[in-house]
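Take a look at the structures listed below.
Shared chain: chain A. Partners: chain B in the first complex, chain C in the second.
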Partner chain A sequence: MKTVLNWLDDRTGWNRPLRALFRYPVPAHAHHNPMFSFGSLIVVLFMFQALTGILMAFYYEPSPEGAYFSVDYIQFTLKYGWLVRGVHHWSASAMIVLVVLHLLRTYLYGAYKKPRELTWVLGVVLLLIVASFGFTGYLLPWDQKGYWATKVGTEIAGSVPLVGASLRGLMRGGDVMGITTLTRFYTAHMLILPAAFLTVVLGHLALMRRNKLAPALVHRGDEPEKSVPFYPTHLAIEAVIALGVVVALIVAANLFPAPLGLRADPSDSSFVPRPDWYFLFYFQLLKYFPGSLEAVATVLIPLFFFGSMVLLPFIDRGEERRPWKRPIAAGAFVFYAAGVLALTAIAAG
Partner chain B sequence: MKSRLIWIVLACVPLAAIVGACGGGGDSGGGGKASPNELLAAKKSPASLAADDAAWKDARVTTIKTSVVEGSKATHPVDVATQALYSGTDIWFRFEWADATDNSATRIWTYDGSGWKSSGNEDRLSLYWEITPIDGFQTKGCTVLCHNPAADPIAKWYMVSPGKDDRADNWHGKSVRTNTVQQADDKYLNGALSDPSDIESASKGDQKDSGGYVDNKTADGKAPAKMGATPGKPSVLVSEAVALDVSKLKAGDTVPRELLAPYVGSRGDIEAKGTWANGKWTLVFHRKLDTGHDDDVKLVPGKVFPFGLAVHDAAGAYDHTISNDVLLLKFK
Partner chain C sequence: MADTPETPHRLRRREALSTIAFWGATVGAVGAIGLPAARFAVGDSLKEAEQHWVTVGSLDKLPVGDYKQISYQYRTKDAWHEVTREGILYARVGEDGQPVAISAVCTHLGCNVRWRSDESRFACPCHSGFYDADGEVISGPPPKRLERLETRVTNGILEAHI
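Presenting the complex of A and B:
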């Protein structure tokens, strides 16, 4: 084996960059803090998403006539199809949770500050990409829930002043939802978003390696912080955690099968659409801005929220990173977290 | 490392609770509130077809409201308390509804001393399921299946849509013709009318090898051909029927119009037991989730199945009431 590897290295030179990739020091505080595993878990979950997505693509038919029945076949007839789809479904939810937690950890630890501003910005972009994965994937089974939630979602996009109609047309591929809408969502879900995700993650990781992880919030003593090598010490722990996540996904897929509602009926205007759980807070928020106020919820609030997230490291430029010394940042966290949780609870209730 | 893992496990518990509470598990299995039109099948097997089997205590009761459709001769709506149980291979339904009279004498022959008169009808309950996708059925149920406005041309009734092979499964419990042999009539509907002038001919029996009910009448249709050993019974088995002997009858005696034998084949897939007592019917259906027959709906735990329900009350002007909206069978 070693001879083969040496032969390959002799001709490709792969060994050196690979060693460089894996043999970097991980600070002891990050090694011991489970919150620093969120990032690698997101990558692991993406790999599961990709694998299960490819497996389902072998059977999925992206047309309004065939989509529902192909998903129905995957879920209820294909051997282990329920498991593949279940893992895909639950890893999608887990990814949303972990991206949010990853951003929250970075926010609370003040790790977005100089020189890691761009790493943070790419993290925010990553959140949008993962949410887009959820939005585009929701339609693909072409069931009542997905169809009507997407109809509402594209209507919301259509209500954006000036560019709304074009945006809705771009998403739907026309005025009404049909084969072009499904094709576009499928293309986005299968090609555009994965490519964007990988690009952003690679950029994110490259910046993380260049600027290193932020130091510990509190460092006692004069000696420099200890570190452990990523390979094999830190990677071993990450692998164990990833294994636990895999087991959890399989258990979740078994106990709570991925849902498939009734097939979409575009003539059934009585259906009350509801988004997936991670969009529930926004679904609830929209209810408070009816009629002419709609643009407040569809444009101003998202623009303010994501705008402030992107601009955060350029506004908060102080060196202090400890959250208990940053009352405004901590207060904003409590405000947003409580708001999102409350709106989600109201919508779910 | 140990503490790190403990932290992650602890963090996962509230997260899982949040996702679960928000319906992350979706329609089938994620909990959440049930709508009035949802029949939730519990996973438990009753020991028999008895309506008082202990297993039914674990099945949630869904009251299905039926209504009198425009033009119907039915006099009043009926509420049907419905339950469902399932195992890895079988499914059971239990229905209970108020009915002041036990009508179990369908077209029974009555002897007046010299001639015969046939009268009466039977109480019934039927379910409808999609075998193939039927446009609108999953959102409108029976309404789209049979009850388009009466003024509509025949092409809009009974899924009569040339060029399409839509099929609906029909489980038809009949108090005389099938209940006597502890079966429901397993039929299907499609758009191919065997008699173009008769919309009822869209209803067809599933494949059968033998059995079923046959009309007990002479060639001229004016009298019964056979009789049972005991006068007065509303039905008699083919195997027990003997040639009519009027010398054994007196005026007012009755002879069954139907000669019965259990269905063998796909038409006999549904076991059923109906009992009328104290002003109400209780009826239990039992079938394999997957009968392996292409004229039957294949039920799969985890999946949502739309269905419709109709109740026929034979008292007074004979007609039936239908479920108001589409009903959904879900598996717990």
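Presenting the complex of A and C:
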């Protein structure tokens, strides 16, 4: 075995770059804190999504006539179809949770500050990409939920002043939702977003390696902080956590099968469309803005929210990172978190 | 012939020409592929939907005052597919004896509204928008009234333009 590996190394020179890639030092505070595993877990979940997505693509038919029945076939007829689709469904939700937790951890630890501003900005872009995965994937079963949520979602784009109608048309592939809407969403979900995700993750990781993890918030003593090699010491912990997540996803897929409602019916007036749980707060927020202020809810608030996230490291430039010494940042977190939780609770109630 | 050493001036000129050639060729190649690619991706996305006359039903069977929910269908082309599109509208005969047809599409974010006969108003289940019997906004987020559809009567059959 060793001879083969040596021969391969002699011909490819792979050993050095691989060692540099996987044996970098992980500081002890990150090694012992499970919150520092959120990032790698997101990558693991993306791999599950890619695998289960490719498997479903063997059978999925992206047309309004066939989509629903092909998903029904995957879910109820194919052997382990419930597992593949269930893991895809729950893993998508878990990805949203972990991206948000990862961003919150970075926010509260002040890890977005100099020199890690761009790592943070790419993290915000990743949040948008993961949310877009959810939005585009929701339509693909062509059931009532997906159809109406997409209709509302594309109408939100349509409410943008001046260019709204064009944006809505470009998203739908026409004025009315139909086959070109489905093929567009499928292409975005299967090809464009995964390519964007991988590109941004690679940039995010490259910046993380260049600028290293932010040091511990509180460092006791004068000795430099100890570290462990990423492989195998730190990766072992991450692998165990990933195994736990796999088991949890399988259990969730078994106990709570991925939902599939009735087939999309554009002439139904009894169905109340609701988005997936992570967009519920926004669904509720839209109710509070009367017609003349529609663009405030559909354009200004999302722009302000994501704009302030992107600009955060360029506005908050102080060196202090401890959250208890940053009352404005901590207050903003409490304000946003309480707002999102309250709106979600009202919408779910 | 022996090589002659290039002067710094000639080197700079060569580098400048190479830079111009590189960016010129790159922009040309990206443009030559990118512009048709962008037009291809847009396709018919920006075309407005075709309008159709759809059958509402026999005029003498429409209620007076109260709305009736009408399901309609029409055949059309969806890109390369021949499809039957479906939708709903609300119709009634007004107190002046004239037929009225109102679109069921909420002007807020496109959900189908419901006619609540007991309250004499339309309600949108998505974001709690309300319209009166004429389709004017009463409350909630809708930015404008429900669309009143053009109608015509042929041999006692009411049709609406959607």
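Methods note: the second predicted complex is superposed on the first by the 347 of 349 C-alpha atoms of A that agree within 3 Å, B and C clash if a C-alpha of one lies under 4 Å from a C-alpha of the other, contacts with A are read in each partner's own complex, and residues count from 1 in each chain.
We take it that a residue touches a chain if its C-beta (ideal position, glycine included) is under 8 Å from a C-beta of that chain, and two chains touch if they have at least 3 such contacts.
Small disclaimer: the values here were computed from a predicted structure and weren't measured.
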item: Joint occupancy of chain A by chain B and chain C, clash or fit; value: fit
item: Which superposed partner A:152 touches (first chain B, second chain C, both, neither); value: second
item: First (chain B), second (chain C), both or neither touched by A:225; value: neither
item: Touching partner for A:64 - first (chain B), second (chain C), both, neither; value: second
item: Partner chain(s) touched by A:173 [first = chain B, second = chain C, both, neither]; value: second
item: Chain B versus chain C as contact partner of A:268, first or second or both or neither; value: both
item: Touching partner for A:256 - first (chain B), second (chain C), both, neither; value: first
item: Touching partner for A:348 - first (chain B), second (chain C), both, neither; value: first
item: Partner chain(s) touched by A:241 [first = chain B, second = chain C, both, neither]; value: first
item: Closest approach of chain C to chain B (Cα atoms, Å); value: 9
item: Shared chain A contacts, counted only where both chain B and chain C touch the same residue; value: 265, 267-268, 270-271
item: Touching residues on chain A, where the partner in the complex is chain B; value: 32-34, 37, 69, 72, 75-76, 82, 89-90, 93, 97, 145, 237, 240-241, 244, 248, 252, 255-263, 265, 267-268, 270-271, 274, 276-277, 280, 344-345, 347-348
item: Touching residues (chain side chain C, partner chain A) in the complex; value: 42-49, 69, 71-72, 78-81, 83, 85-88, 104, 107-114, 125-128, 137, 139-144
item: Interfacial residue positions of chain B with respect to chain A in the complex; value: 1, 3-5, 7-9, 11-12, 15-16, 18-30, 133, 136, 138-139, 300, 302-304, 306, 328
item: Touching residues (chain side chain A, partner chain C) in the complex; value: 63-65, 148, 151-152, 154-156, 159, 166, 169-170, 172-176, 178-180, 265-273, 283, 286-292, 294, 297
